[in-house]
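In structure tokens below, several structures.
Shared between the two complexes below is subunit A, which pairs with subunit B and subunit C, respectively.
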Partner chain A sequence: MASQSSSEFEWPVLYNYPPFYTLQTNLDTRAKQIDAWCNLILNYFKYNKLYVLDLTEALASSPLFVNSQLNRILSRETASLILNTLDSRGNLEWQDKEKDRCLVMWRTPKEWGALIYQWASDNAFINTVCTVYELHSGDDTINEEFYGLELIMVVKALQTLQNDGKAQIIQRSNPDMSDAGVKFFG
Partner chain B sequence: MDRFQWCDSAKLLPGEVISLSKDQIKLYDGDDESNFQPGLLQLTSHRLLFHDSGGSLLALSLALLRDHKETGGGLTRSPKIELYLLPRPQGQPLGPIARSRYDMVKLSFRKGGCTEFCSALKTELSNKNWERVTAGPARGISGIERKLEQKRQDAGRDINVAFKDLKALMDKAQEMVSLINTFATRMEQSKGSVVEDETIKLKSVLLSVGIDNPVTKSSHGSTTVYHQELARELSKFLVKLLPGENGIITLADLYCRFNRARGLELVSPDDVFNACTLFERMGLPVRLKKFESGVLCVLGASHSESEVVKRVGDLVMKHKCLSVQELSAYLHISVLLAQEHMLLAERVGALCRDDSVDGLKFYTNRF
Partner chain C sequence: MARRRGLGAINKEKLEKAKYGEKGAEIADVEMSHVSTQIESFRSYLETFAAKHKNEIKKNPEFRAQFQQMCARIGVDPLASSKGFWASLLGVGDFYFEVGIQIIEICLATRDLNGGLITLEDLRKRVIASRSKTQQQDVSLDDLTRAIKKLSILGNGFKIIPLGGKKLVQSVPGELNMDHTTTMQQAEATGYTTISTLTAPPLNWTTERASHVMEHLIKEGMVWVDQQAPQTRYYFPSLFFDLQPVK
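Entry: the complex of A and B
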């Protein structure tokens, strides 16, 4: 998606450290290793504005997991372990039962929700209805961080607002909510 | 001497072969000199033939020989062979001497050749060619049976001979150890006359031979006492050995080195292991340690893990990364031990691993 900018991404020192790609047996070392991987994945996704990770595809071609310079590839088991750790930290959500596709949430839905609500109140959209499409692809949000955000993330963000009583989602005919609307409350 | 028979002609028996002839041989009946003049003695595959210088011919069947002994000569006495004989077979016609009080005859080799004759005799006696002919051609089932019986007897005899040699070797080995010790003492005394380098070399050989009085099961009846004594001996041995081995040695290596040092009276792996388990209880300055991988090692009581970790860590740092094999080469230790060192260093967090197609390598922990 945004692979052209990945060349500018500043890889951490550990990225060129061969043991980084072998799951460590010492539990203390392993905890640090997984921590480093979690940070790397979140930073990489944030930098490239990526949201969805296809594990099979990433292990085959993404520079994130494939270091062709060192000739090292993260094993699927290790990658799954890292992603599950991200899941338990609330930074990831699996999209399928096989745990192959997931949503990498370098910002949690609550944080996104706060950003959207901030925009709505700054731009006098309180008590008016916006479409979800407007939020992530509309002309008014082109300079916002959530511009181009994955639909499913937008919906999740709005749901957190709804739970806090700050917004109401108005569902239409499409089950994936692509045509839904939202009303912000003051 | 009554076992000898007259012979009419020098004609050989069917299948008989002359293997050795010696002249100037004097015959003795027991300890008494016989009346026969010194003459030519022939050893054949079947008999001993004696041509007395008077022209008479005597024969003694090799089948009647029970044993023989070589008695060395002196300044004034010629070397002799004593032949011990079996009783005279029933029905054998009387020979030149009808009755003798001796079951032994002596052959005196006035012109030498006694040893040569003796070894030829030995060969013929073990070949037992005379039996083969009297047994007749091997035909039919009885022939096969006879052949099998023959083979069995041969095998039995070979085994006896082989073990006799082994026992003789064991007896000699003890003597060798004491001999080497004598050399060692002598070397100490005559320092300087031998090149320093050679002294060191010989000493190292001596050191690995030199357990003078090995603890054996037979010398220490009950197994507990035996193992305790063995533990003491092992400990003494290890105190000398360990400093050269970086303070640690695998049990398997120890077993080999220890048995090599004993030279004889070898101990079983089980006994070494059992003795090693007693180290701590007996308050000896060495310890048996079992690594998580199951590898057993013996180390000095003062051996410190942190020191090992530091040494391994420094070495890895210097080389950026090391495999187990490389470490074993740098430290001159076994691969097994090198692996334990690596795993120890990894366990305490000094190293971490890189498992790739190039094999397992260890790096300084940078996490």
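Entry: the complex of A and C
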């Protein structure tokens, strides 16, 4: 759920530039255009604390891709091209083979992991077991940036900590890890 | 009966001529030294004036332009060298040098977007924005024009192209011909033009000519295409963003 309304988001000047919604043929211009789109998507998702993008849905109704004031819409081909660019930059992960659903990672899992670990060590949770649920929806993390973070991102973040030997994920019965726990190491 | 002229008369005439010549030279000398003292004193007045109004010259662009004009009339160019007396006195050389650097930076930073074309007014806003943190100097269009003229010494990279009402600064080498500037004039009010605007009166271009010009401008990165309008629109980012309110 978006905590702030998208109307407060400060759109970049290109958002109101009609040719921004037509893929440019000049390759230098196109590179600049795609770069600007990548930044816009990451900033928009970050501002609204969004994590999952459903392409079909977004192209139908999200103000990100549909500029009703200008009457301009990003085409599916162009949007896919931009999202694939984000993927190659490590800021996006496709969730399905059809490339319709993806995770938009305006912070990389490693960055999230560092934030979670910082919280754990600041609040004396080292060497204790927390549930994954507590991390993203518990009372202790309500003021943390990762509060409300998508479960799949929390798990990815914890996996980076596990790889660094800073935590151990304790899996229970649910395959999506929604009931998993984690132990932080000092 | 004709009067005969003796040797004495000829000699006398010669002597007179020489004397006149001498006198003439003397007068010219006096005149010269008079004029040069006048110029000298004018210069020194100008220097005193400049020193006295140093801050005013630095802060007030109108004052600066008038001072520049005054200097130009007596053949003094405060910008000629940053090492000169004027520069050390006023720091004006440094001022235009700084503005020049800022112009180059802004043109480079926006080049991907606008293909190396920016309106003088837009450039001014950006120069002021990039300076405002440390200095509170106003920079006028005249200052920018002067700084750009100085930049052209570095090569043919920087040019000012007058359109109807606006002036465009071109920061990439390459000739823009009449057809190119004509399309820009057509786009001045809206930021874009269409093929049918160019083929209609008063231009009455052929479609081939219009498309050829647009193709060239797209290739140069000076035009973006918008295919979601009833007719394909060719946008000049330099002109379009000039029409937008500043943030």
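The working rule: the second predicted complex is superposed on the first by the 183 of 186 C-alpha atoms of A that agree within 3 Å, B and C clash if a C-alpha of one lies under 4 Å from a C-alpha of the other, contacts with A are read in each partner's own complex, and residues count from 1 in each chain.
Operating definition for what follows: contacts are C-beta pairs under 8 Å (C-beta built on N, C-alpha and C of every residue); 3 or more make two chains touch, one makes a residue touch a chain.
Predicted model only: the values in this text are computed from it and were never measured.
Once subunit A is used to superpose the two complexes, subunit B occupies space that clashes with subunit C.
Look at A:D28: by the touch rule set out above, it reaches both subunit B and subunit C.
By the touch criterion stated above, A:R172 is placed in contact with neither subunit B nor subunit C. In the superposition on chain A, A:Y17 makes contact with both subunit B and subunit C. Subunit A residues 13, 17-19, 21-22, 24-26, 28-29, 32-33, 71-72 lie at the interface with subunit B in one structure and with subunit C in the other. Considering their complex, residues 13, 16-22, 24-26, 28-29, 31-33, 71-73 of subunit A touch subunit C.
Chain contact summary for the complex, subunit B toward subunit A: residues 321, 346-347, 349, 352-357, 361, 363, 365-367. On the side of subunit A, the complex with subunit B involves touching residues 13-14, 17-19, 21-22, 24-26, 28-29, 32-33, 36, 71-72.
Listing the residues of subunit C that touch subunit A in their complex gives 112-113, 115, 192, 218-219, 221, 224-229, 233, 235, 237, 240-241, 244, 247.
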